[in-house]
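Here chain A shows up in two complexes: once beside chain B, once beside chain C.
== the complex of A and B ==
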């Protein structure tokens, strides 16, 4: 009886903890909106026209080389902090802080490092060709006398990934260490353990199978929590949009693809390349279709789903915040602000759900594809 | 699509790949392996505990059944013994009763027989005594009667009369 009561107490505490966490995350999202409101209301940083708003949103959706919170257009001063730039140029590796670009994003500021002239246009770093002193742009805003360099900078996205990785190592490291003391986790582990069990029992086991799931748990758990934490980071006022970067989702999808291609069973390859029970003439055609499906279509669906959902989420939240400016003419400042606040809050709460959902779907589909590849068919 | 390709940053892709590989390796070593094996151990432990509890329950049931059976047997045995004893008792009482009855009957019969023989002896003695006394009386009577002639005649007369009347 006493034990039972204690368990109820623990359950109550965990529920309380979850509620607090939820409120915390929700308030983060609200704060994110609030932060943006302030930005746009701030004196001298007015983004008033539709074009400016679109540009602001497009800029946010891209990766960037520094953290930028607020700019005073009147004085030209910026608030934020720079991140290291690491680029591979024709003269080898060059590193410097992004503050050297002075927040320029249109190719006006040229940084010279040991004879290499570098500039930043639309969040991409370009190397000027030899002899050029200034970037010339064509009608479509493409540089004509500069080319992109390989950019290994610690950009905002890379910083976000490192942060997520650190959080995971700390949180789950604590959970792992907690098991040395006793069978029941304490503290943060009490929240994390059910999530690990959820991924194992609801995602990995049913899709891959009881016998083989263990081998893939490292990848699936890492990817699940990595995507989830990054999605949630995207809702904070820091303005990460890591899972909305196509390069990131491509990388995740390619990892999944490589894993299921390399762990494919004999049956899987037999069915993919030389489908039994089908006329011989059709078999090569089917093989091509199956291969294209596994190598291209499945990873593509994975990467586009995650990318599009997260990008769209950020876009919608920012557009709703911008409503207070675009609708000011029609409804007046109070109504437009109120409307934008309510709608943005509503969508932000939905985005919290989407953050989990996308992580879940990515992991779910990954394990489904892995399950298809490792499956042993029964021979009749 | 063009926009997407333009946005694709090979550098970011590379960094992501490196970070993801390192993260997977680190998490596997420091988090997932210990966590999953601990979970597995715990679940196995719980399963074993449940199984052994179930076994103990079965064993208890078996023991209980054994006990019940023993108890039943003991009760039946006691019952049988009591019954036997009761029967024995009844039989003994019956035997004693019949024996006593026989004895009594025999004694009664003996007593009757001896009474009979005593009675016969007494009767015989009485008869002989009576006969003696009668003879004596008769002698005395005859002596007196025959002392005078008349009376003798009278006696004969009365006797004859008696005979005739008979």
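== the complex of A and C ==
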């Protein structure tokens, strides 16, 4: 009887979970419609489905200077919130809110700050040359009389990373404070403690070894939760795609590379640079192969895996949402929307798994590479 | 055109590789169910390495 009750509870929990997912996906769908209407509004005619959907997906995958949820087609008003723009121009540092661009992304709106004229083209901020009053574009949509500026803006991705950092600070702060009161964590700590122990016992210990794993736990836990939280944030209607930005994954992979290069043991360097036990003529060749492997190939595989997986996941979800527009003529609005909702829900559930799996794989391979570097061989 | 053919070849190769890994892991687990955890971890690592290779080729070929 007790077991049965437990099962009912689990069933109730999973129904709740599915409902939350459904609401999230449904709001994504509204978001899709919003983008569609915006394009319709901008073009002023019937949407050219394929091209505009491609543009919409590309826009979502890129970083942007403001949050944009929904555009009301009737009134033309946008829902979302602006983010601060911080740029280093020829006249020094300039800061203002991205709302001054009025959602323009084609270089039409020019913001003037103390004599510096700035404009936004394809989510990049350009500074107009002296004397120019409007941007002229060549055939490839490159500005001819403007140049890019150093952009330190709090963009959507930066905001996402700050949010993830804040969430981690709050969660793990609560967990750490909980241990002062007793050995059993309370609240959010109850959820986090098993994950921390999982990373320690299943990822760090088997790959790095009992003796040396402690030094690297900080990095491995940070990377694991950072990637996992950002992957999950990417599934919310806020529209983050942080781990799908190649710059972010490059930085994470460089951290891993620096850590295993600088914590390499004597044996690691001996086996990398002057492999014992092979003919002397082969040793320089092996050294080159090993060095290229450790400096380039291993970090490259780490960063490309995360980037490509998250980009592909977002691409599939967005394409399935766009299905409601492409299939509208064939099946009618209700059937196409229902079909794309069901498919997008299905893929979103898989994406939740992928979000965890990618964080796990990144941490696992990082600890594997660190383990290779710190290992000490027994000499007979 | 050629890069699309290349992408298709990469996916075929990756698919064969993943199938081999998954199939052998299944066989291993069926023979020794008590080692399922270890086999799964090793399977995921090898799968991830293969995936990195395939994705690398896809990105470079694009």
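Simple rule for what comes next: the second predicted complex is superposed on the first by the 327 of 380 C-alpha atoms of A that agree within 3 Å, B and C clash if a C-alpha of one lies under 4 Å from a C-alpha of the other, contacts with A are read in each partner's own complex, and residues count from 1 in each chain.
Throughout what follows, a residue touches a chain if its C-beta (ideal position, glycine included) is under 8 Å from a C-beta of that chain, and two chains touch if they have at least 3 such contacts.
Being a predicted model, the structure only gives us computed values, none of them experimental.
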| item | value |
| --- | --- |
| Dominant contact partner of chain A by residue count, chain C or chain B | B |
| Chain B versus chain C as contact partner of A:316, first or second or both or neither | neither |
| Partner chain(s) touched by A:202 [first = chain B, second = chain C, both, neither] | second |
| Chain B versus chain C as contact partner of A:302, first or second or both or neither | second |
| Partner chain in contact with A:343 - chain B first, chain C second, else both or neither | neither |
| Contacts of A:165 with chain B and chain C, given as first, second, both or neither | first |
| Which of chain B and chain C A:248 touches, first, second, both or neither | first |
| Which superposed partner A:109 touches (first chain B, second chain C, both, neither) | neither |
| Which superposed partner A:175 touches (first chain B, second chain C, both, neither) | first |
| Partner chain(s) touched by A:364 [first = chain B, second = chain C, both, neither] | second |
| Shared chain A surface residues [contacts with chain B and with chain C] | none |
| Of chain C, residues touching chain A in the complex | 41, 44-45, 48-49, 51-53, 55-56, 58-59 |
| Residue numbers on chain B that touch chain A, as the complex places them | 4, 7-17, 19-20, 22-24, 26-28, 30-36, 38-39, 41-42, 45 |
| Chain C partner contacts - residues on chain A that touch it in the complex | 202, 206, 300-302, 304-305, 307-309, 357, 360-361, 364-365, 368 |
| Contact set on chain A toward chain B in their complex | 62-63, 87-88, 124, 150-155, 157-158, 161-162, 165, 168-169, 172-173, 175-177, 179, 183, 193, 196-197, 200, 214, 217-219, 221-223, 226, 245-248, 250-252, 255 |
